[in-house]
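Questions regarding the structure given below will be posed in turn.
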Amino acid sequence: MSSDQAAPASRVASKKGRAGELRSRLFETRKLSRTLAEPLSDEDQVVQAMDDASPTKWHLGHTTWFFESFLLGELNKSYRLFDKDFAYCFNSYYESKGERHPRPFRGLLTRPGADAIRAYRAHVDDALEKFLDDGGIDDAALDIIELGINHEQQHQELLLTDILSLFASQPLRPAYRKVKIAEADKACQATFIAFDGGIVQAGHVGNGFSYDNEGPRHDVLLRPFRLADRCVTKGEWLEFMADGGYETPSLWLSDGWTTVKEEGWRAPLYWENHEGEWRQMTLGGMRPIDPAAPVAHVSYFEADAFARWAGKRLPTEFEWECASEGLSEEGCTLGSDAYRPSPAGKPDGSLLQMFGDVWEWTQSHYSPYPGYEPPQGAVGEYNGKFMCGQFVLKGASCVTPDGHSRRTYRNFFYPHQRWQFMGLRLAEDQ
Amino acid sequence: MSSDQAAPASRVASKKGRAGELRSRLFETRKLSRTLAEPLSDEDQVVQAMDDASPTKWHLGHTTWFFESFLLGELNKSYRLFDKDFAYCFNSYYESKGERHPRPFRGLLTRPGADAIRAYRAHVDDALEKFLDDGGIDDAALDIIELGINHEQQHQELLLTDILSLFASQPLRPAYRKVKIAEADKACQATFIAFDGGIVQAGHVGNGFSYDNEGPRHDVLLRPFRLADRCVTKGEWLEFMADGGYETPSLWLSDGWTTVKEEGWRAPLYWENHEGEWRQMTLGGMRPIDPAAPVAHVSYFEADAFARWAGKRLPTEFEWECASEGLSEEGCTLGSDAYRPSPAGKPDGSLLQMFGDVWEWTQSHYSPYPGYEPPQGAVGEYNGKFMCGQFVLKGASCVTPDGHSRRTYRNFFYPHQRWQFMGLRLAEDQ
Amino acid sequence: MSSDQAAPASRVASKKGRAGELRSRLFETRKLSRTLAEPLSDEDQVVQAMDDASPTKWHLGHTTWFFESFLLGELNKSYRLFDKDFAYCFNSYYESKGERHPRPFRGLLTRPGADAIRAYRAHVDDALEKFLDDGGIDDAALDIIELGINHEQQHQELLLTDILSLFASQPLRPAYRKVKIAEADKACQATFIAFDGGIVQAGHVGNGFSYDNEGPRHDVLLRPFRLADRCVTKGEWLEFMADGGYETPSLWLSDGWTTVKEEGWRAPLYWENHEGEWRQMTLGGMRPIDPAAPVAHVSYFEADAFARWAGKRLPTEFEWECASEGLSEEGCTLGSDAYRPSPAGKPDGSLLQMFGDVWEWTQSHYSPYPGYEPPQGAVGEYNGKFMCGQFVLKGASCVTPDGHSRRTYRNFFYPHQRWQFMGLRLAEDQ
Amino acid sequence: MSSDQAAPASRVASKKGRAGELRSRLFETRKLSRTLAEPLSDEDQVVQAMDDASPTKWHLGHTTWFFESFLLGELNKSYRLFDKDFAYCFNSYYESKGERHPRPFRGLLTRPGADAIRAYRAHVDDALEKFLDDGGIDDAALDIIELGINHEQQHQELLLTDILSLFASQPLRPAYRKVKIAEADKACQATFIAFDGGIVQAGHVGNGFSYDNEGPRHDVLLRPFRLADRCVTKGEWLEFMADGGYETPSLWLSDGWTTVKEEGWRAPLYWENHEGEWRQMTLGGMRPIDPAAPVAHVSYFEADAFARWAGKRLPTEFEWECASEGLSEEGCTLGSDAYRPSPAGKPDGSLLQMFGDVWEWTQSHYSPYPGYEPPQGAVGEYNGKFMCGQFVLKGASCVTPDGHSRRTYRNFFYPHQRWQFMGLRLAEDQ
């Protein structure tokens, strides 16, 4: 997702229980953001390496502004704004929330300083605590809190991918933290698992949280298909490169081929060739290529070209969702402390790596589900207005906060973007 | 469609009958291209007003090169190339056909001159005639001929829309030819016609010609919907403008709003405000706005914003195709000599203006149908490689050659493009 | 000069004599423009290959508009405008003459057509004839006529260099006309001729025509210097290239080096490498490199780098003017029918090639002479407003109309420009 | 000057005396850089607001690298590099010193951090101290030290102007420090002082330090002229604006007018209109316009247009230098603690504000003096390679370190640049 979007949904049986659970998740989430910023100097937190990325400090301020603006400022009469100028600095794209600092210039914001933003976070956290202690919180407020938690989780993932883009742009290629690289040097052959077609249901259902773009739940007609039991690996990607993948126009979408030529792509993002050997910039600094691990940082254009080269195709978002039915929604996400995609375990006849390691490109353009209506008000600006020219990714990545994603989650990016942990899993018709 | 794409398909019962029929359609089509160029000076035919457009001369050469390259050059051993340099000049985007002149520089080609291109056409037409007279033409050759006819028809439409873009860019705003503007000053209120949902079949079937992207025919699940009986009119568009349509960000997709601001859009393309009054550049020169006629030259972004403003939505390509079941595929196309969209006739409970006047934007991203495989060889470069970031348009326009379109036809353009005769028809859920 | 600039000056003893002489020069000049356009098709005349260039047709219209606007429209009450829209089309850059068609879009003007412009020329020529026949023409009018003649001559040179840029951009690389390439395969070694310094006079003096930027005549202090007796040749340029001239940053001005890298320069403009052999696009089509002829189509950046490589420097404009004292102002200009720079004749102790073949870059920034004031009115927009960031060139080129240039002539271009016939002559301190 | 350039020159009578004097100036200069950075957070020091500017941290590192690379690394065998990667980070534009980090990406360098750069400075300062204590320092080394001092002073000025550009780009418009604004609300009328022409000497002479571009000293021929006794004020600039200065094309150079339109200029840089009232961003934050103080942050284009509007002209660099003969070279520079241009004192018949407040644009293109040769080696890349398309400024500004400038000093910038403290003084012919 370009940067943040979400909408309330869930209802839990007991309001008291829900309030208590959200309270603890809220402050855990708020704390995690601070923890993620800890390895960074104040200087690291201020700079923006490319237009799509934002500075760490901005993520920290923006997620705080979200609670201030959508919750405290609207529902808590006694709340005092920390600083009236912050709304201009930390609004992302909410047209209905007024003028805002242009995205490409976020990296200029040396003031407010990191200290001021830490104080802002503390101020808002205190106010949130008091607001929750006051009781009398209604479901609408709880919905905003739940939305705010999910919103902040999205920015935690962006914080890490944006730092990677910054560190990769620096001559010294610094490491964000220590990262362990797996020892397996080659993955097992992928197996394709068959799924029946027919009319299936897609989209979110039930009491748990989801974004507005995951609904309405609706019937979808699928043809029988098969899905690889693991993601495409870096080793396989090296074969694609060795076979002239980046020099063969017939493998590419027309816009993809144009991009390859204009950008001079000849490997995934963050791969560098040092005297004939490919290495990769990671959150742990420059490292050798790990052939058994899922390839990441490839665009839709590259994923699509690879699938064509392999004689397969990308799955649709509905195939992916259908195939994931009944699987645990856990995997190698942020809590696993891996900070890079990990090789799949031994094949066991089930789909591996579905909810972690890399977001998986699907061939589905990001469009509204039938009957979709964005919510009223500013939160309605989350998802609907981006439904044009982007593609859906499913699953989760190695830097997605634990518990953030789910089967019906629809991540989305433009086909040329590749700074997220984006990879692919192959599919084919039966 | 960005400029040309097609793939063979049809088979007719009797090969002889098919050959005869194609022969006459071939030479009628070839002649129509010459006729369309007649009102233009040689100078008019050489210039290109924008990167998306091509010079008339280039269209005339390229459609001829198509027959030379895909038919005569491959199947007719005795054929002598008219000029070996022409392939470089007149290849559009076939990577497999070798290097080619870059699209944005097509307007530099003063040589070969218009005379040489007329001679080239005559040379190839003669060769085609001899080739057809020789007999022994197999189905593969007939398929190429049929494809070539359809391909040339697409370029006939582009020739006219590209000339409009050229003439609109010139200080003198010349007219291509006389165009009659209708007298009706206001359209009847649109009525919404209901259609049942369920599983329907979409995609081409039968012996007639179709492009590869119209298949495979497959089942589609639809929910009940309603479709307006006519296109949105210029009068309605003026209301949208008067209501601040171009100044209200909440009506727009995010990319659309960015485009509105960057391009300074405040009306459809070719509309100009002369001292408070809107006028429009047409193939008949500058003319008053005709409020009863369908609005044209609006982008997907604008069509989508208008639908949101109107409290409706755009139809999907499958809704449109389903609703058109059983309708005649004729309408106000090129043969009607209108050269501009015409007001709908009296409402009669059926869908009007479906196959003429303006291409109609749908909300469907242009994606492959399940099981789609592009054909082998160069003709496989027609459609598949453009399936990214574009939207499907249905119907036909006032400058589409008669008989060119059909229910299953999938035209496609990027959401910002608007130099074609593009309009919209509203839909809603039941 | 960027495209046209000039200002009246001269006075001849007898007004009658002057009027008669100007009359015949006027109609000869007007006729020469027609003659130069003759080898071109109407299509050739409409297109513009780059922003700096203008279409032939535009040159023909603009030079005509000049007489209409500055002479007939202002001094001839009975004159009827040929077409009131033409001023918008054919004004170049006279802010005081109203809005005008933007320069980069001149190539869109298919209307008015070449025929209309020929009629426009005839109309204005008739009116000029009548105006001159009427008698009673005062000196101010004669000044405008003389300016108009010189102005049209400048455009004749541009017409040819712009056509070369167009033809060089076309895949077929057509020839404008037959051009003879000299047989001498190597030039004699250049000799440096010494000149004393001291206070000399620079700037125009006397009754002949000159532009405003050639005055006021003023004292200049020179140090003793030496000037090469001929221009740098293509053979010498090949040595520079072979010695890594285009790959050695220390030879280049900082802006020059940036340009070399951005533009990928590795030879003069219009040089193309065909399988290891350099060839050159000329007005006679693609031709072998002629090593004895002066190099042309090099930028100031390249000329300056070459001089540094050679251990020499470029002359100042004042050194050049001083050294040319007493020389005939004739040379290989347009009337010689060469259409390309010619090898110097045998060395004879004097400066060769001073007034023909190629314009010669000097190291002098184009600045006003002390006391310079632009003339009042629109003609004051000719020269003064361009005195920023350009460099002075002296002499004349193979496509400069005969008699157009003189010792004090100051041509000027930006340091990156090279589509004119620009070359260089080396200098050194004594 | 674009950022740094210099070359050795001076010789003092006693080497011991010279060494001692340079030693104390060296460490004072090194200390001043630290002092200037003190009001800034580490975050402030890392960001770059525009391509022309550099981060504070980069200035601190680069000036240190200069001593390391040109002095310690070359002349001190026992010197150990602080970090071998720093050369890549902190080389500015010395092609002969190897690859370097691209200028527009200097703002990405969060690592090395500000702490590391402070340690780098301490390391190099220690090494410099030891190197100087060792004795046996020859004149060549002293020349480099003197050059390094002057080089660092230039960067001190840039550090401040670059911080102003950063702070002006931030929504909060922070202040660098407290700045006193003068009380005088209107300046006295300017008086023009007459100077004789004749042959004068220009360029540096004597034992003191100068850059290579200030020589060789040579004769120049001047005509009698007059020079205003003070700089143009902000009050006068408001009159120019009120009289339509920014809307009148005839006042502007052609390139200037293009820039005005493209950039939307309608006031000096850093001026902002708040509800009809002009205010100005300064090193002291947003402040009212001070009408008696010299206008600053105007480009050459603006200075030239203003002079034309005022019926005057800009002086040449030689007029300015000649007129300054015999004046004290002191003025309102950095040591005055003003941090903004100050109103001129009472007129006293002499030229005021000549060596402080604002650098003064001259009409002289920045060209080499006759006989100029850049020094051998990397230091030869300081000045010569920038002699193209820039203009000379004379004097000094309110943020020029004391003692840095002198009569023969030639500062230079492109005509569109205005982020320095650039102003103007009018001249006229006698």
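The first chain written gets the first letter, and so on, giving A, B, C and D; residue counts start at 1 in each chain.
One rule holds for everything that comes next: contacts are C-beta pairs under 8 Å (C-beta built on N, C-alpha and C of every residue); 3 or more make two chains touch, one makes a residue touch a chain.
Fair warning: this is a prediction, and the values are worked out from it, not measured in the lab.
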Each chain counted as touching chain C and chain D at once: none
Chain whose average C-alpha position is farthest from chain C's own: A
CA centroid of chain B to CA centroid of chain D, Å: 60
Rounded Å distance between chain A and chain D, as computed from the means of their C-alpha atoms: 47
Chain centre separation (chain A, chain B; CA means) in Å: 38
Pairwise touch network: line, ring, star, complete, or other: ring
Residues of chain B defined as touching chain C within the complex: 41-47, 49, 57, 85, 88-89, 101, 105, 107-114, 166, 169-172, 174
Interfacial residue positions of chain A with respect to chain B in the complex: 93, 95-96, 199, 218-221, 223, 249-250, 252-257, 300-301, 304, 363-365, 367-368, 370-371, 381, 385-389, 415, 429
